[in-house]
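Some notes on the structure that comes next.
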Amino acid sequence: MNAVALLDYASVLVFALTGALVASRAQLDLVGFAFVACLTAVGGGTVRDLLLDRHPVFWVGEPTYVVIAASAALMVFFTAHLVESRYNWLIWLDSFALAIAVAAGTGVALTLDKPPVIVVLMGMTTGCLGGLMRDVVCNEIPLVLKQGELYVTCALVGSCVALVAHAQDLPQLTTLGLAALSCWGLRAGSLLFGWRLPVYKSRPPRDRS
Amino acid sequence: MNAVALLDYASVLVFALTGALVASRAQLDLVGFAFVACLTAVGGGTVRDLLLDRHPVFWVGEPTYVVIAASAALMVFFTAHLVESRYNWLIWLDSFALAIAVAAGTGVALTLDKPPVIVVLMGMTTGCLGGLMRDVVCNEIPLVLKQGELYVTCALVGSCVALVAHAQDLPQLTTLGLAALSCWGLRAGSLLFGWRLPVYKSRPPRDRS
Amino acid sequence: MNAVALLDYASVLVFALTGALVASRAQLDLVGFAFVACLTAVGGGTVRDLLLDRHPVFWVGEPTYVVIAASAALMVFFTAHLVESRYNWLIWLDSFALAIAVAAGTGVALTLDKPPVIVVLMGMTTGCLGGLMRDVVCNEIPLVLKQGELYVTCALVGSCVALVAHAQDLPQLTTLGLAALSCWGLRAGSLLFGWRLPVYKSRPPRDRS
């Protein structure tokens, strides 16, 4: 589980930075920063562990994760004003966090020998739910559901890549590395070059309640 | 658990359709459709299983559920433009999903010989939470809390009917069928004939922050 | 666990009152009141129990909790119109519920001999998440994240006080009492005298998507 633990640490750190940036957009105080950062950082992995009945939940068994998230929030609180566009930092850091968390999630499921569909779903859960909680709690438009941007798709592709690599008996580190790279590459392409899937086009919903 | 498993399959399918319809109103892409559909389809049952410490969670143990939900989303993605009023389809499909899920939830709790209050609460949880997650994530007005419409009430009544039928030692299929029918009938009556409970009337909250 | 159980009962009761008050602001019907009241009342403690793999979840093992929450909702439904400012009642009752729930959460974690960080986090989880669910579901501005008000901070302080008192081998009741008092005192000071931490000041986020 060594590689997976490392990925969990990394995704906690980066997701915490995104949470703190969202907190800065909501102009919260220091503790509010830490709260949103921790929620974002451990949210996805927590749901993954609960779904897989994996106890203790990763951060309950190893509180260091939470300390890292809180420290990241502290750092952002005092430095966020230095960056030109916090929103750009947010979406790019989020793209890294997504990629790392997807790898971590698939890694856990692969270590537990779960069936392919579950491996993919755990990758997507770990990758997407922390950010989703962050955005729902802070009333941001969830990045997960932002129109015409690839997000869940990147998590899906990354998880599938991990599956295939694992089936080729590649070493775990390679497997998870490929998963993270493919996920991040796709997300970056979507942000930079507007790669996207066709979205559903509807008439203006007159019928919207 | 046969009848209950069947109900779980049915509610997953129908809830997935409602999730995909909401995704179409949010103009998401294909993967976004699948994401919202799966969240809606398994959300309520997942909370039920976690609360009852029932592992593996129903769809983790049997990934077919998720495949069904994703396929339903795919179908809606390509056909939703054909329907005149997606919102009407949404509320009516949701009413069926609610009724089926309530029956499934009470069925599980009855099979586990839980006390009456828990049986009722599991029926309401399974029935209401998937749709609630769908609406919160997609920024819709939660159907659960729509003013002056019976929704949670239908789940409550359906669950209580299941309790009574079970106490009469009716066969499980009859018990759950009656629960679903009473729940759906009440919801349909509320939608068609405006059946409702008195709502709380307040002065305009000047004091609202 | 006696003192802790008492605190759980008390926080369930008071949180249920706040949930019902929010339901009254959303003009729901009687069952809607009960639904929001129960969600608010058991939300935080449920997450705590799931995270600690503590089964049965407190209200699943002892349904009385839910009966209490529903009765509180019933009472509010018929009496809320009598109060002058429901919002003031809401924030003050919420401050009591927060303090009691923080004590209950830390109490559980201390009884299970969890490490200090986890004790603090369980206090904050139990205290903050019920109200957060209430506000997210009902589209209120989450009290947890209200700008320039101490809220999460109070939960943090209360939990830390419990830790210190426990380290001094004070009796459990004293320990939890001090936790609740310090948490509530801080929250009250923030509401009455505007005590607060410096919030993050940002330029108007032109870059907000």
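Note that the chains are named A, B and C in the order they appear, and that numbering of residues resets to 1 at the start of each chain.
What we mean here is this: contacts are C-beta pairs under 8 Å (C-beta built on N, C-alpha and C of every residue); 3 or more make two chains touch, one makes a residue touch a chain.
In this text the structure is predicted, and so the values were computed from the model without any measurement.
Colleague: Looking at chain A with chain C, do both copies bring the same residues to the contact (over half shared) or different ones?
Modeller: Both copies, chain A as well as chain C, present different residues to each other, with under half of the numbers appearing on both sides.
Colleague: Give me the superposition rotation angle from chain A to chain B, based on Cα atoms, as a multiple of 5 degrees.
Modeller: With C-alpha atoms aligned, the rotation comes to 120 degrees.
Colleague: So what's the Cα centroid distance for chain A and chain C, whole Å?
Modeller: 28
Colleague: Among the residues of chain A, which ones contact at least 2 other chains?
Modeller: 50, 136
Colleague: Under the stated contact criterion, what part of chain A meets chain B in this complex?
Modeller: Going by the criterion above, the answer is residues 50-53, 114-115, 117-118, 121, 124, 128, 132, 136, 142, 144-145, 147-148, 150, 152-153, 156, 196-202, 205, 207-209.
Colleague: State the interface residues of chain A toward chain C in the complex, per the touch definition above.
Modeller: By the definition above, chain A touches chain C via 23-36, 38, 46, 50, 55-57, 60, 63, 66-67, 77, 80-81, 85-88, 136-138, 141, 146.
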